[in-house]
Each structure stands twice: as structure tokens, then as C-alpha cells.
Amino acid sequence: MKYIYYPGCSLKSTGKLYEESLLAVFRALNIDYVELNDWNCCGATAYMAIDEDKAFVLAARNLALAEEQLKGEEEVNIVAPCSACYMVLLKTQKYLKENPADMRKVQTALYESGLAYRGKARIRHPLDVFINDLGEKEISKAIKKPLTGLRVVPYYGCQTVRPYSTFEDQRNPVSMDRLFKAAGAEIVDWTMKTRCCGASLTGTIQEVALPLSYVILHEAKKRRADVITTACSLCQFNLECYQTDIDKKFKTDLKIDVLYFTQLLGLALGIPPVELGIQRLFSAPDNVFKILEGGDHVYV
Amino acid sequence: MPEKPKIAFYWCASCGGCEESVVDLAEDILMVADAVDIVFWPVAMDFKKTDVETMEDGSILATMLNGAIRTSEQEEMARLIRRKSKILIAYGSCAHMGGIPALANEFERSEILKYAYEDAPSVINSQHTYPEAVYQDKSRKITLPVFRNIVRTLDQVVDVDYYLPGCPPTPKLLKQAVLTLLSGKLPPKGTVLAPDSALCEECPRKESKPADLSFEHFTRPHMILSDPEKCLLAQGLICMGPATRAGCEALCINGNMPCSGCFGPTSRVKDQGAKILSSICSNIEAKTEIAIDRVLDEIPDPVGTFYRYGLAASMLRKKIAEEV
Amino acid sequence: MSTFNGNGQSIPKIGFYICHCGHNIASMVDVDKVQKYTASLPGVTVSRDYKYMCSDPGQELIQKDIKEFGLNRIVVASCSPLLHEHTFRVATEKAGLNPYFFHMVNIRENVSWVTGDKEAATDKAIDLVRAAIQRVFFHKPLVKKEVPINPDVLILGGGIAGIHAALTIANAGKKVYLVEREPTIGGHMAMFDKTFPTLDCAACILTPKMSAVKNHPNITLWSYSEVEKIEGFVGNYRATIKRKPRYVIEELCVGCMDCIDACIYKEAKYPDEFNLGMSKRKPIYIPFPQATPQVVLFDPDTCIDFKSHRCKKTCIEACDRDAIDLKQTAKYEEINIGSVILATGFKTYDAKFAPQYGYGRFPNVFTSLELERMVNASGPTSGEVLTKEGKKPKSVGIVHCVGSRDEKSNKWCSKVCCMYSLKLAHLIKEHTGAEVYNFYIDMRTPGKGYEEFYDKLMNEGVHFIRGRVAEVTDWALAAEEENKLTIRVEDTLVGVVRRIPVDMVVLSVGLEPREDASDVRRMFNISCSNEGFFLERHPKLAPVSTFTDGIFIAGACQGPKDIPDSVAQAGAAAAEVLSLICAGTIELEPNTASITEEFCSGCKSCIPLCPYSAISFKEDTKKAYINEALCKGCGTCVAACPSGSIIQNLFEDEQIFGEIEGLLRFAGIDLAGSETKGKELEHA
Amino acid sequence: MDRSKLAESFALDNTATDIIEIKRRIKYENELDKGFRKKIAESAHGEKLYGCIQCGTCSAACPVSHYMDYTPRKIIQMVREGFKTEVLNSSTVWLCASCYACTVECPKGIKITDVMYALKREAISGGYKHKNFPASVLASNFFSQVLNNGRNSEGPLLLKIYLKTNPFMLFKNMMLGFKLWRRGRISMKTEHIKDKKALKKLLQSMDNMKEAAVI
Amino acid sequence: MPEENINKKWEPKIIAFFCNWCTYTAADLAGVSRLKYAPNVKVIRLMCSGRVDPQFILQSLASGADGVLIGGCHPGDCHYSEGNYKMLRRFRLLQRVLRSMGVEDERVRLEWISASEGEKVKTVINEMVDTIRKLGPLGLPGKISVYDKDLAELKNEIDTEIEVDIKPSGKEMVEHA
């Protein structure tokens, strides 16, 4: 089966390391993928606040493009790694399915610009693909450097599972737990799995957003976690890049590694750190390297 | 010497088999010929329409008219004969229920003409020539009868007194009918002159039908070597016997073929096809839609199977099409 | 066009009556127009409208007209026939006309209540009335069918409802079979310590009733048993009961428990079901001290002998009555009964499905049922309220509405949780002196003495915070929250979000239908409401009856209920059963099918269709035959008879065809030979 | 962790009580907008918000409700009752981070996040501006960028927003930006899709349909 | 005449056959709950969906209904244990027959609606009325009468109705002896 890879805007900029690591992992696990031709922004959360119809048609354009690109295939699976993209595409699909009148509008508009949307595409999160299509058994077979002894706290963030996710419990997701258990890590259970990190508020109202990230980092630290793994570029960005600001504000010294789950998985699969964009982190994930003996300290 | 009662035979859209069945009376035909005057029988004797027209209205005791009604000419003749006859008998399946010709009601007139004049494998018609309804040649005007868009039973065109069912009716039933007519003791108008129970009643294989029959599969006569003793339904063949009037003495069954329903339904049933469908389907084993459909796929042409003779007389009569 | 061939009957003289039903019909249907229209239809002799047709004057109107005008068909357009068909049939019969010449048109539930436009509603009513008029032409007089009622009763479920119903009926001198799935009767009530609002001890009021059941000469108690099969119809059911093996001969065991002491397991090792796994039992056990019957049982899954056959069987040695039989197998009992009461109870919501409350994740989150056991003196902690660490909690949060009033779990209010939460709050405070917080959405305390109980609790200093808890977490933001469970809730009355750290959380779980409610429902051929509780025949007027005659429901299997309500319903169900028994016979709808032998060809198509084996093939005549006593009148064989030789009373082909025709247009009916010309109606 | 640090960020905003304001706290019916709830319910997919039982789960589930002037629960009630001005001027809608916690937890299935979106749209189109919250500016700029280019370019976007709203923030985040740039995680280049024409057409058709619907 | 009606204000006419125990009760529930739905569906109560004779469906269509709705208990829930399965099987084959006869699938619909699903009665009816409205009238009597027009024309041309003296029902014929 071939997956359509829908990067979304952030995987091309702040989340570049997410893209690099995800694709590296795909290759290592022999997952066949192809990038969506001429994709456009999914609309993220900001659209819904301006013009909903346009937001839906823009999201639907991507779905239509995917169906076009895999014409003739039985299934069209779109992998949307950015959790906002994932949620917006799911929301669009669900909404259009439930509102035939709007569906017709969107279909007409797409048709006029030479596209057809049939509602066939399935929107998938990489976690969904790893756990449900590949399975833990396959993953653990491919592990070259087991994460033995590494205390991982999986952090899913909001929109990976809320509110439309089809593959996870919305209150207590477990796919990442299962994934890293398969990779040999020690999973730290906590109740912050889906608590908001502050999201886009960090860019606008920092005094509200920073405490949110802080609580998450603090709880992870309290639970003696070595690394937080995330599945969302905004989460990773907030938790990692604002750590200095948080330390300053709350007078702490958190120093906790925040990796994309694909980066950590990549390391376990034996992929060289450079290919996983580890060098793009603000500080080297020392805890992780310490435990994965023999790991190089690649840091720019 | 009193005049012998007058009898007539006529045919419309039919194959001729019904005419043949009259001759099948064998020596009994002499008895009939003795008792009556046959005043009109185009197949056997030379009569003209004008001969009938000159007759006095109601002067014929009974006319046995076979064949369905498709053209304006047939309508005209049916009316003419109706006027001249005291009793009009729809003779045979076609007059009774439309018969085989009525299967054309599954198609539009235009489709039929196109097939006959253009698409049939034996036809070459590059000029797309069709029969012309009216031909004007200097002074002469020749017209063809109008080919209607629907095939009708006789009683959909004129009032019918009795029905003699069958494709064709059996000599025994014909003889009984003639004797009844001559006796003057007439049954109520509209009676079908055959027993009013289903064929199973007189089927020689009745005993062999199990009481708990349910269908897992259907098959067709050419696909199996059927057991000549056993109920055909029990062998998965679609036999219309349970929904078809008795009276033929199970001719087809005796020939190891399932009943195809030519005697039509009993008096209590309005739509023969619907009833046999109801009966057979109710006893299908499957419970899920998919499984049911799989079994039903084994009946490739349900209309042709359940309405082989009865389409024109059925509740829907004709395929619904945009063009009317 | 249909022909009315008379069948030797008189020419129809139809009386038509349309009911206003106060404003229920008249406000949406132009009653006058329908009445006038109907008067113009051929065959209609009288057409009238009246405020309430079902009232005595309404019925008398019909009776007077029957006598005065010699009416021989009656059509009433009013509510659903499921409601008043019987009433009008009786009225018709009283006037000397066969009741089956009556037909009812539903213009309330099917028209006025569901249509928003008066003109459309009136048109629809006219169509339905016309159909009925055309239908009654073909009605025939029928003979009522009566069957005797077997006075024996089967009661399913030995909770408080089943126990109460059993005792009531048995005290009236009727035979009762009480079947309970668990090894003991008592149900949920046996698990409680105190009952609200009186705080009297549950065991003290329940145990005497349990032993009364055991000792009653009219009650056969089969515990640890299930109904395997039931067939038949009202007054004449036949049930097969499976008695699961206890591996102990019930008649011999006296409940001395010597065998339990003698078991080679010196320590109890396996989770005890009755205490919800909070204590341990041995492979041979008795559920609780007052269990009824007092008979031990084996758990074959944990007993060594069942697993390896290598046990020393000290239990058998210990029993001086030779009551242990490890080779026992299930026993089947067949009984004939006339009626059934289902009192199968409820189950509590599984709090694991609300992961935000941490049940199963945090050891100190308990369900209310667990707490009921905990505060019970004979429970796992001997009545002490303790955290998993064995300490008395200093603060306890009680979270209401877990698995209730929530679209994602159960939409309904479970009715009893507010009150039992108050009770638990009181008991916790009494046992521990802890600060107790109740988190509620709305306090629902309607009931005798309930509001007073709430008042009492408030005065006891229990905290009441109006707000639904969003989550129970273990992460701390403040020092007092460290190592505690923090409840995050909006105090909606203040409008502020609060974080409240507690030592123990109690989840007030809601009431749900049992997992197998839908199997039971199928077996007994009754319906369930959307949420899965058994559906009563009428929510107000027939709350313990079902759509299947002779099957009654009582207690929480019909919907969440507290003890007084369950007992009241059990009494009501018992009264219904006794009324059925005392009547001796019951009248059945004469809607059975019959085969006209003359027409039947003996094709046997109908025989396998009958679910009640009512159709048989008569070898002498070679025709099929319907045993009317067995026929329940579904009409499947009628629809399937390929030669049209089966008719169903009240639903004859002609009647249905008449109704179809009438709905679409008045086709006209050949009245005794004289043809009425068909006319297209243009009311539209 | 010592508590004082947290208290700083999590305490209720007490500053307002410093100045005792004398304020009218009564609402007259003629001050309410009776059509408001219908408008919002339609715009937010479904009329489930009428079914709110005011249980407060949304507020308690919300990670930022303690900063809001009205908790989400209050907002729902105020929408239902037509407190249009208060709702559209409140900080609540702008503080919503779209984490959907409320939507998932709501026992009545109210899509509270969608209600917040509907209110944002309503506030923007009605010209209600909350000067403390540049979220509306972010949304508008983001939107116009995507409409034109089909993609979002984080660098230029942030630059624009900070300039428009709070140049001080720009200065503050300079260091962060520089760090990101050094690691190739941000660029000042504007991203766009290849087929901008088709995109324009697509959006045009959508507009046309909307106009048609209005006519 | 039918065409005139169509032009004027055509409203779908739908006949429904509801089983007494589930769907009819559900329709009552819809009433009690005051759910408003389209008035185009008129219900005929039968004891069981197994009683629905395919003839009823054909007759309804032939007499002028634009659609037929059959409501029964959910599979496994039939009050008479399996009547609904029997209907389901007939329905599957009848639909094939109807398809060959030019009747769209959507015109005849089988739905399982349990006693508690009042809401479903409303949705199903509204949906069906909508679908049929889109399909337009079936108008079978009208279509047949169009065919019969040419019959009438011919009749006027060539003959006038004659009275034939037929004396049925066993009475002796006097004319010949």
C-alpha cells in the first residue's frame, strides 16, 4: 500500500526535523510513501475563525488532490503528521459527510477548478499507521538499538486525539506508549498525555501559554522522565524552544529533552541522528544519548 | 330444424398453438362440428372481415379468441367479434394474461422496433429503414395497423365472459367448455374454465415434496440431471406449480420440466408472479442480505421467470418508462 | 375497482365517528370537514364528531346509532388502536353488533400529533378515514377466542423486586418458581449497609424476606439457575430452567461450612465476587453469611481438583452429610406456567470507561458500590473506610453522575445516585470524620423524606459543590496537592474553577441495563427502550406490562429505581399476575389464520414458515391445516400462500386491498351488484 | 516545587478588586439580542448548545479557563440568553487554544470549540476588537496569506503580526528567531503552491455560491 | 387528469405497512413525543412485516402510490421470531423485479424500526418523502391511462358500445335448443 504524505506548512519550517525523522523512519520500515502534489495549507485552526466555508474547501482540495494522485487505487491513505492538519482534515471530511448541502458546494467548487472529491480518502496519523497498519511486532523486529532503560513520557497533545481521532481513546491515548514499549523503553504513565501545551497562544499571549507548557515539563521532570516524545510540531516547539523562557519565568532548571516521537523511534531503528534532524534541536538530547550507548553527540 | 349454434375462432398476437389445440381434439372435433356451425375461423377456412361485419350483432353464440392484443387491427377485430358474439372466451394464455408476447412489455416500442429492424444479428439495415405506417402513392393510401406501445390481454380491450387458460388449453378443457356452452348451464361471468386450486393438487410428485423445504440454492433444468420422481422445487428448480391453476394435469412435470405458470393464478390471487415470489422467497434459508442476494443471483431473470405468461395481466402491466 | 360480493351479509351501513380528543385532534385536524366528507361516502349512514369518543357519552352515541339506524359497521377516528380499540369493541358489542365490525383510525398519534400544518393534517385524516370505510365493507363477524390461564408463575431474578413479587403471589396461594442466576438471592440490596433516607440496616429488612422465600411452601427457589428456553403464549407458557452445577447437593447441604474450613487452601486466595474483589475467598465458598439458600458451592476454575484431579479432597472428608458431588452436571427442569415476571435488575456503570476519573489507574478511586461494601460491617474492611494504604481518609470527594446524564455513556439520570451519594457522604463522615465533598450537577431528591435527608447532610457540614468534575489527577500545582488526588471542577455557583485535593474519590456510578438484557428480551419476546431497559406497555397506564401478554416487568430492569419504587412495582406486577390468574381465562385477538381446505393444493409451502409449528400436513386429505390454538396471527403464511388459500381474520387480503385503494382514492365498491361509479376525490 | 511561583501564574486575577467600581449589575430584556443564540447555534453546527445543563465540565477541563473573564460555561449560557455585547467583548473566545478538551468532555455533546470559532467569526465580522489579544490579527493575516499563496510562511507571518500588534514582542522573540534560523527551522521566504490560479478559481467559485445563496 | 395534478401541486403519496409490535408502536411513540414529520406517508397496520404480501406493494404502486415503506422489527427482534426475515427475502427479490419493471429502488423501502425508535420513524419518513419528491411521481394509473387513450380513440371511431344480453349464473339460455 502506498501512503500519500501530506506535510503541511509547519513540517517545512519549524517542524523540519519532524519531517526529516518521519520520512527516515518510513524508509527504514519500508513504508511506501509519496508526497502530495502541490498541496496547500490545511487551514489550521485560524481559518475556522474567519471563513468556515473557505476553510473547508481548502482542506478538501488536498483530499481531492490525494484521490487524484492515487487514482485507481483501492484505498487512499493520507498521512498527516502535523496534529492540526490531521484534525482539520478529519473535521472537514466528517463535516462534509454530515452536511450534504455543503458537500455539494465544495464538490462544485472543486469541480470548477478541475478536481473531484469523492470522500474516499482516509486520513491517517503516523501513529495510527505504525500501530495499526504495521503493528508492534513488526516494529520491535526492526529495532536495532533498543531503548532499554530509557524513561519515556509520551505526550500526545490535543489535536492528535481530540476530538475526531478514529484510532485512539480521546482521554487516554496509548498508541505512543505501545510504540515505545515495542522499542524497549520504559513508559512513564501520567495524566498529562493530552493536556494543552499552550498551542498558538505562545505566539500571542505568552503569559497564558508559558505556564501551560511549564506544568507539563514540570510533571515530566517530577516523574523522572528522560525524554518527552511529541507528535505535534507546535507541542514540540513550545516545550523545547521556550524552555529557557520558562526556566527564567519560573526560576527552574528543567533541562528535559523533547523529541518528536519519530526522532526517538529513528534512533532506536539505528538511523544516524543527522538524518533525524537531531542537530536542529536547541540542545543535544544528552539523556537519550547517554542511555543509547555509543550514540554520537551531534550538535551544531 | 332449429339452427345450430354458431361458433367462431379468431387469433390475435399468438403463435398459432392455440389453433393447433383445437385440432388436437382429434375425433372429438367431429362431435363439435356436428353440434355447431363454425362461422368464422380464418386459420382453417376462408372468411373475410366483411363476412363478419354483415352478421347480425350477437348472432354468434361464442367466439374463442386467442392471442394478446398489440395492434390497432387486433383491437378492431376484437371489438367487432365482441359485438357479434353473445359469449366471448379468451382462449389460451395470451388472450387470458398476455402470454409470451406480453413479455415485450418489459421493453419500449422503440427498443423493440430498433432490435427487429436494426440490431438483430440477422438484419442488415444500413439505411435504417423502418416500416412506414402510411404510404401515399398518387391516389392510393396504404396504412399499416398501429403498433401499440403496450401488449394487452383481451379483457383489457373488450369485455370477456370466460377464460380458457393454458398455453395452449388442453383438449380436455376445450371439450368441457364446449359442452358447458351447449348445455346452456353457464357459470358466473368471468369464470376461468379450469379447477380453482393450484397445480400441486394434481401433481404426481406431490408426495415427494418435503414439509420442511427451504432453499439454499436454485438451479435451472439444463444445469442438472433432475430426478424424474422428486418434486422439482425440492431439487432447487423453480416450479410455478404452487401458484398456478390446475387443470393441465401436470403436463410439463410429466415431461420432467417445471411448471412455468401458463394457467395463471387461482381466483384468489391477483398477481401470480408476486405470489410465487412471496412463497419461494419466504422459504429461502439465508438470513443476511448478502447471503440472500447470493441465492437470488441464481434466478437470472425474475420477471421472465415469474411473469412468463402473466406480465400484461400483472399489477404493473408494463415497464415504466419516461416515453409514454 | 373492488367488488363487494356480500358473502351472504347485509348491505353495509356504516357509522362513522370522529373524536376531537379535546384539542389533541381538533386543533390540527378540521374535524368538521372530515365528518362532512365522510358523510358523503357511499355506505356511510351516520357520520358524527364528538369531543371525547372514548368517554361514556361517546360510546353511548355509537350504541344508540346502532340501535336506531341498524348500523352494521362502525369506524371511529381517534387515537391509536393500541390504546382504545378494546374500548370501542366492547361498546360495539354491547349494542348487539359483533365487535369485529368495528375498525379504528389513528388520527392522533399518526396525524394530529405529528403534522405541523392543519390542511395537510386534515387531508391525511381524510385519506385514512376513506381507507377505513373501504376496509370495513369486507369485515366479517368473528368469534372471540378464549384460553385458560395456568395459575403457576415464573419470576426471574431474586433481588428485592423478585422476592417481593414472589412472596405477594405465594401468599395469595399461587405457585411461584423463583429463578436466580447467582448462588444466592438478595441482589444488589444484599450488598448495601444502610438504606436511604431512613438509614435502616439493609440486611435487617431484607434477610427476613429472603428466608421467607426459602421457607414458603408455595415458592420453589432455584438459585444458580437460568432460563434456557420459553415457548407458548399467555396463560400457557412452557419454560426450561437450567440449574447450573454447584457440585454440592443442595438438598443435603446445611451450610455448616465445615468443608470450607477443610479446604486444602488454608488461606482464601481468590477475589470474592460479592465484595467486588476487595476481599478473598476459597474455591469452595458461600457468597455471604446470610446467603439464601445456605448452600456452599465450588468454583471449578479455581478448585485444584477440577484442574488437576489431584486434590486430597479434604472437603469431601469433612462433609458428614455426603453433600459434595464433584461429578454433578447441569440439571434441566421443565415447568408449565401461565405468566412471568421479569425482575432481572441492573448493573452499575463500569467506571473504567470514564478514564478521566482515574478508576483503575489511581488506587484510591473507588466506585460507590465498592464503598457500599466497605462501609458494611460484614464487608472486606469490616466497616472501616480506608484508603488503599490502610489509612482513614481526611478528605473524600464524591463525584456524582459518573455514567449518567452523559451522551458519551448513558444519557439518562440514574435517579438513585444523588440519594445514595448523600447516604455515603453521611456514612463516610460518620466513620472517618473526613471532609466530604459532593460534586453534583443537580441535586435530585424527590421522594418522601429525601429532601429532609439532604437538609440534614448540609447541616452535617458536608460540602456541596455544583459542578461536574472534569478530571481526577495526580499532578500537583500546590503543596497541599502533593501525593493526593486532585479534583478539577468549576464551582459553577461561584463561577470559578477549583482544584480540590482529596485522599479518596468515590465515583457515584449510574445504573445500566444488564449486559444480557437484550438476550432476555428476545427470549421473552418483549421490547427494550432505546437505552436498553425493558420497555413497558405504556409509560403511564401499563408500567409493569409488556407488549407480550402474560410477561410483566418489575424493578430496575425497567429503568433505574430505588428500593421503595422497586418494591412498589413488584407489588403492581404481582397484582397484574393475580388478576390474570383470578380471571381464569383470557380473551385473545381472533386474528388467527385458517386454510380453506377446498382451495388448498397441498403444496406445503406454508408449513416451514410457521414459527409455532401451527401448520401441519393432513395425510388423509393431503392438505395443510392450521391449528388455531397454536396460531399467533402473524400472517406470514397468508402472505406466502401461492394459491391464496389462507386467510387471516381481521387482516384479510380483501380488507388490506380495500385499505390500499381507499388511501389513494375511493375506488367505489360494487354494493350488492349495483355498481357505484368510481370517483376521483379532489380534496387535495 | 515552591508554591509562590505557581501562585503567580495561576492565581485568579485579583487586580480588578483593587479599584472598587460601582457598576450596574442588572440586565434588562431590551438589552439582549434574542436572535443571537440561533445565529451562533447555526454557525457552530447544530443546536446542541440549547441543551447545556450548566455543569461546568467545559470550564474545569479548559486549560486556560482561569484566565477568562467568563468561563466557557458562562459563555454558553450568555449566548443562549442573548448577552451579545458581553460575549463578543469577552476575553474568553480569544483565549481559547482550540485544544478541544471541552468538546470531548461535554456530557451533552456540545461542540464548544466550534461555538468559540463561531464567536470569533462573529466578533471579527462585527468589528469587536480586543486590544489585549492579537489572536484575531493572527487569524486574519494567516488567512489572507493562505488565500493568496495556498501556504503559510511562519517567518513572515510572525514578523507581520508583531509589527502590527506589539513591536516589543518582536524584540523579545528576536533571539528565539535567530536560534531557529540558525537551525534551518525558520525562513523569511514566502511559501506558495504552484497552481495559484486554480486556487483562486476555487475560492472564487465558493464566493459565487455564497452570493447565489444570498440572492 | 393525473398530469394536471402533477402540474398543480404534486405531493408524494406513500403507503406504509408497519408491523404492530415494533414500527407501529414506534410511530405511536413519535406521536406521543410530538415529533413532526411529513404527512405524505399513510400507515396500514399489520401484525407483522411477514404479513406484507408483495401484491400489497404492487397494488399500492399500481393504484397510484409513489412509494411504499415497510417497517418491521430489527432482525432477531421479531415478535413472531422470524417474520421480518421472510419479508426481507421477498423484498430483495421484489426489488429486482421492480428494477426490471422500471421502478427505482428508492421507491420501495424496508426499514427495521424498533418500538423505541420514534425518532427513526420521523427520519425515515422525512428522508423517504424527500427522496421520492426528488424522483418525481410514479403516476402508474396515469401512465396506463395514457396508453389506454389510443384505445378510446379507436373505440369512438369504429364502434359504439353494444349491449349484449348475457345471462350468467347458471340460468338457462333460451335462444337455442
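Annotations
So that you can tell them apart, the chains are marked A, B, C, D and E in the order they are listed, and the count of residues begins at 1 in each.
Following the convention adopted for this analysis, a residue touches a chain if its C-beta (ideal position, glycine included) is under 8 Å from a C-beta of that chain, and two chains touch if they have at least 3 such contacts.
Fair warning: this is a prediction, and the values are worked out from it, not measured in the lab.
Listed here as common contacts of chain A and chain C: D. Of the two interfaces, C-D and C-E, the higher number of touching C-beta pairs belongs to C-E. Chain E has its Cα centroid 54 Å from the Cα centroid of chain D. Rounded to whole angstrom, the centroid-to-centroid distance between chain B and chain D, based on C-alpha atoms, equals 77 Å. Rounded to whole angstrom units, the spacing between the C-alpha centres of chain A and chain B is 73. Centre-to-centre spacing of chain A and chain D amounts to 23 Å, using the average Cα coordinate of each chain. Across the assembly, chain E contributes 50, 53-55, 59, 86, 90 as residues in contact with two or more other chains.
Residues of chain B in contact with two or more other chains: 269-270, 275, 278, 280, 282. Shared contact sites, meaning residues of chain C that touch two or more other chains, fall at 356, 471, 477, 609, 636, 639-640, 653, 657.
Looking at which chains touch one another, you get A-C, A-D, B-C, B-E, C-D, C-E. Listing the residues of chain B that touch chain C in their complex gives 196-201, 206, 209-214, 241-243, 246, 265-270, 275-276, 278-280, 282-283.
Contact residues of chain C toward chain E in the complex are 80-82, 106, 108-111, 113-117, 120-121, 123-124, 127-128, 131, 522, 525, 527-530, 535, 547-548, 591, 609, 611, 632-636, 638-640, 648, 651, 653, 656-657, 659-661, 663-665, 667, 680, 684. Those residues of chain A that touch chain D in the shared complex are 9-10, 12-17, 38-41, 43-54, 57-58, 61, 87, 95, 99, 105-106, 108-110, 112-115, 158-159, 162-163, 170-171, 194-196, 198-201, 203-212, 214, 218, 222, 241-242, 249-252, 279-282, 300. Chain contact summary for the complex, chain C toward chain D: residues 356, 401, 405-408, 441-442, 466-471, 476-479, 488-492, 495-497.
In the complex of the two chains, the chain C residues touching chain B come out as 598-605, 607-609, 617, 622, 636, 639-645, 653, 657.
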